[in-house]
Amino acid sequence: MTKPLNVGVIGCGFMGRTHSNALLRVNNFFDLEYQPVLKAICALEEESKLKAFASQWGYESYETDWHRLIERDDIDQIEICTPNNTHKEIVIAAAKAGKNIICEKPLALSAAEAEEMCVAVEEAGVPNLVSFNYRRVPAISLAKQLVDEGRVGKPFHYRATYLQDWTISTDVPQGGNTLWRLDAKVAGSGVTGDLLAHSIDTAEWLNGPIRSVVAKTETFVKQRMHAETGKVEPVRIDDACMFLAVFENGSMGTFESSRYARGRKNYNTFELNGEAGSLFFDLEDPQYLDYFQYSNPSTGDKVEDHLTGWKRIHVTNFEHQYMDRYWVPGCTIGYEHTFINGLADFLKGLETGVPAQPDFRSGLRTQKVCDAILESARIGQWVEIA
Amino acid sequence: MTKPLNVGVIGCGFMGRTHSNALLRVNNFFDLEYQPVLKAICALEEESKLKAFASQWGYESYETDWHRLIERDDIDQIEICTPNNTHKEIVIAAAKAGKNIICEKPLALSAAEAEEMCVAVEEAGVPNLVSFNYRRVPAISLAKQLVDEGRVGKPFHYRATYLQDWTISTDVPQGGNTLWRLDAKVAGSGVTGDLLAHSIDTAEWLNGPIRSVVAKTETFVKQRMHAETGKVEPVRIDDACMFLAVFENGSMGTFESSRYARGRKNYNTFELNGEAGSLFFDLEDPQYLDYFQYSNPSTGDKVEDHLTGWKRIHVTNFEHQYMDRYWVPGCTIGYEHTFINGLADFLKGLETGVPAQPDFRSGLRTQKVCDAILESARIGQWVEIA
Amino acid sequence: MTKPLNVGVIGCGFMGRTHSNALLRVNNFFDLEYQPVLKAICALEEESKLKAFASQWGYESYETDWHRLIERDDIDQIEICTPNNTHKEIVIAAAKAGKNIICEKPLALSAAEAEEMCVAVEEAGVPNLVSFNYRRVPAISLAKQLVDEGRVGKPFHYRATYLQDWTISTDVPQGGNTLWRLDAKVAGSGVTGDLLAHSIDTAEWLNGPIRSVVAKTETFVKQRMHAETGKVEPVRIDDACMFLAVFENGSMGTFESSRYARGRKNYNTFELNGEAGSLFFDLEDPQYLDYFQYSNPSTGDKVEDHLTGWKRIHVTNFEHQYMDRYWVPGCTIGYEHTFINGLADFLKGLETGVPAQPDFRSGLRTQKVCDAILESARIGQWVEIA
Amino acid sequence: MTKPLNVGVIGCGFMGRTHSNALLRVNNFFDLEYQPVLKAICALEEESKLKAFASQWGYESYETDWHRLIERDDIDQIEICTPNNTHKEIVIAAAKAGKNIICEKPLALSAAEAEEMCVAVEEAGVPNLVSFNYRRVPAISLAKQLVDEGRVGKPFHYRATYLQDWTISTDVPQGGNTLWRLDAKVAGSGVTGDLLAHSIDTAEWLNGPIRSVVAKTETFVKQRMHAETGKVEPVRIDDACMFLAVFENGSMGTFESSRYARGRKNYNTFELNGEAGSLFFDLEDPQYLDYFQYSNPSTGDKVEDHLTGWKRIHVTNFEHQYMDRYWVPGCTIGYEHTFINGLADFLKGLETGVPAQPDFRSGLRTQKVCDAILESARIGQWVEIA
């Protein structure tokens, strides 16, 4: 017998859709004590659009003011899918109201904000999750498993890119509902908070904390029309950001993100090189994890010389995490399933009392690295992570 | 304002799940006049399992006898997800009852059966679709578009494989709910009806009718335990089948399917070589269509010599069919979305009166090729398609 | 101390160049008792071209009549790089003269011719080799090694293609020095003798003898200008050939070759699927052998489920055959090195008395399969290999 | 009629072999006025080894003292294949003696040394070349051509890696004939001079000068046995080096090199992203250049949306630079051919009076970037290129 869990989602853009979809589908695939009920959608949109969204995704009601949503007694859980500059205020209010909270990434505009948010949820004792959905790509889960099994061994190098190409045209405006990610007031930063936050979350999950960074950012298009004002305004986000890192375990890291890498659409890659083996992943080919095995961690035996090579592990079979919940071996899942998997883990955490990760404390950690990157880019110096 | 469309699904195995999922989700993504209502699930399963399935997927009711389901006045549409040997009888009854029918592939055990089924739906005038879901892989839709745009030009070669490896072990039993595909009485044939039917449907869609074939089948494991009787019985299906084909347009075809191709999980590939260009697809990398452009069909201009090469088109952007219904450019979809896309096309066909394809008449065509293949394998001669 | 081995090469086209290159270079890389001396080049070319060729490759002399070359006492070894229709006569004369013979493939126009040639070299007791150079691609040597180590296990499937696209244009003439491969009188057959002969040699080397075949050939361009007569003449070669095969070990084979596969330049591929593992090779990526390991042949242990995948073995390291003779690990070699490797093996065979393979008897075997293919295509029936 | 060009090679290690091979073969493939004669090999090796080398590669004589070689009147050209710390002295002496000079990379231990060497060759007016052989990989030549044709357009990003894994084991000694690259006294630096020098030469050739860098180096194995002394000594080279760069054209660069990237053997890659298109190359797959075309530079037309993708250009056809000198379309060449191509260009430069590139002045430029990298790594600050 499942227990209903009443959910209110704030934001009906791209992320509002992915969260709605996950809420609707999680019980089709996972055996869980809780069953989300799509109680209310909330956004600042015109009422007709909000109604249409509610109808399309089957919400029972809608709200145009998030304060009102949080006040409602019939809501157990808040999911925050709004622009970055709204996260803090909503989180603090929702925590005070005792709601479970799932917040889109990046958690906040700065580590200082994120720290306040951590305090709020911890004092309130409410379950909380930052939606770094890529931890739930089966191939990335497998990477974590292989690291934990000792298959990488002593690490030497970590390199990550997150490359896109959708803002090259100077005709793309900034701001508004769809392009707030280009508006520094709303987004806080450009690719650093949007894309590198993912890369950093994955990197620290797989390879431990980053100790220090040196970074360089660039804004290639210096001004763009603002979608709301219609005026040409300076662009204040980072269009691209690259940084070097030293991890606490002594390994070296290179990171790069851009929305100006022609031909790269969602090229979120990482490679980890260690004494015992290496791993490579590319989000454009999400069904694969590439693994170079040099030696067996349990026996120490080396792979026979003439058999060494990069192995492409196609993670569509049931032996990989999450896959047995879906179809049959050999059948791919897609982008949206990372949200379903993450929600399932969060709900399972509610059942077991072992909180799903990354929680806000973990999201704060990523925020600190982002802050250090932007500070390093500003001052042109190496910066230690606080 | 959407109109409810009451659906009854027969079969609660793998295909029952993919159809249920499509019915639940199609209106989240597509703007359609009709909105399916999951009225009833029907299967021969024990009642407790059937109840659990109904609960998991949100069916309003369940039935244990398909005759009863078809008799119900509150059902507009029947989706047939049962083993192949049941299709004919259900289709004929459903047609008589005036239901819309979506039937899993292969349509029937033989062309003779399929012919009867065609007559039934055509006489009854009911909308009908055979669920060759791979036509709705965006990359395969793109292949069809490129062919229609003249980008392949005069065709010379078509080659297809559909390779899996899940029945190599002699410990796999035959028969029962999950392994009826190994039981010739229930499945009719082995890889020919299960896998090559897909390859043939795609091939004829892209390259026109096959004129004649010469085939060879093999049963590598000669006997297996039957899951229902517990007795070791002869295996009568084809474990593997390969055939040569001549198309009516004069091009040459090679086809091969097996469940004994170690390391190939869902390796459904095709390549089409023509004077103006070539196409390649592999279902294990479903986000890509590979295209070799030799010349431009509208101008006749050749690609500059030093720029010729195979282009990997990543079909996750909005310019590709179906993709704009989902997330944002760069985000992959998965196996299940082929069913959602197909259902959307079927429902759109109900709206517009232009029936979605492949209908039963088209499914009959595939059946005739399958019959010719099996006949050729039996007699060791070239066989013309009837 | 090396012994000089005086060589005469007949033919100064593409193959004359590859053989000359191998002769010049083999002692730079291999430690051998014999050191070839480029004694004479022989061809029917105009004397000025022949002189230029001799000068470019450092031949001591040239001959315009091969009978004269064979009569020379200062020649130990004859290498035959002339069109197929000349092989038999030259071989028989060279054998009678007691020369070592390396003959380009295909050995002859027919199995009957090849049989005569075998008898000639065997009666004369002269060392002989058919130049199926691809056996000496390091990745193909590795494939053979893995098969011999039991890593494929019981074989189920073999599939091979050899695809090119250089004769699609109707403007390509037939005949003459460069395009004799399109002239049936000179070449005997089209892709069957030229390309499939390679595929068959590799297939039988790796997977044992073929028992029976059913084939279909096609000539897409029915007539072409003859380069010598300037007249449009019917094309009598096979532009494309596909066939099904059954191997004596019970596995199934598909083979296809064409010069009309737009975008495929030298796409000589094979895949072997067995119970314990699978192998894949593509000559366009000659530095790789792809290997799917399912189980370890010595222990019978299965690879851990979550680690299964296709491994891309980059064969540029010293542990692979031939590679330690060249540069350092990681450095690729090219097409021409297959000829150097083959010549080294032949010379080593002279030293040790263990003849290098494939000898003429083995070349005859390939010829028999080719004959069966062409016969099957002619009569439209399965044909057993004699 | 060719003119003999008498060459003396200094160094008989790996590079001595690649140069000898190029000298022997260049006239087999290129039509040149000059024909190198392998006059003398010179090295400090034991006489027996030197004799064997001379015999294997066909040198007329050998010398054990390079001063003696340079004094010889019968030598026109010196090729320097010795460790880095010897380059300067040999170059200056050879320049004074009026010899043509080809020097292995990196040109010197420092920019200061390289500057002296430039002055020497320029004052003497002798032809000079630094052997950055990768400019002559056909795919890299093609990259240069596409850049020059405007196909990349305004550049945004350049990223390069040069990864190997051969020094991970602590058992690898430093120093001696084969491992002098690990001995800082002899090599000057580790991966910076050995591998990044290649990456920098290619980067500046394709994307113009680097303006400033910030770098981090690491020595993972702190001490190794010295091969000559047998004693464990500190390792003073950089095992790995990563740096960020800003190019003078405003684009951003990331570079990384290591000998600790498990599974990467000769992973010399670069990617250039520009407004009109992108390029990617990987030396482990040297037969390909990957090209993403967004727009046509001559017409400004965009590629049709549904056809955009990365194109894998297989550069084995005659339309690509150098390829028409070798075999037939579709046939790969290997690592060694980059040296043959480079020597051909140098000899052609002697004919035409237009010096081949990169000359010493260009090599000095790379040295300055290397110096800036090492300085940046030492002081932990951004450094401008002098």
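Chains here go by letter, A, B, C and D, matching the order in which they are written, and residues are numbered from 1 within each.
Keep this in mind: contacts are C-beta pairs under 8 Å (C-beta built on N, C-alpha and C of every residue); 3 or more make two chains touch, one makes a residue touch a chain.
Only a predicted model underlies this, so the values are computations on that prediction, with no experimental measurement involved.
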item	value
Pair exhibiting more inter-chain C-beta contacts, C-D or B-C	B-C
Chain at maximum distance from chain C, centres defined as averaged CA atoms	A
Interchain centroid distance [CA atoms averaged], chain C/chain D, Å	35
Where chain A and chain C are represented by their mean Cα positions, the distance between them in whole Å	54
Intercentroid distance (Cα basis), chain C paired with chain B, Å	41
Touching two or more other chains - residue numbers and ranges from chain C	308, 310, 314, 317
Touch list for chain A against partner chain C, complex	142, 145, 288, 291, 293, 305-314, 317, 319-320
Partner chain B, residues of chain C touching it in the complex	156-157, 159, 161, 163, 165, 168, 214-216, 218, 220, 240, 242-244, 246, 250, 252, 254, 256, 258, 260-264, 273-278, 292, 294, 308, 310, 380-382
Residues of chain B defined as touching chain A within the complex	14, 17-18, 20-21, 24-25, 27-28, 56-57, 164, 166, 265-266, 284-287, 314, 316-317, 326-337
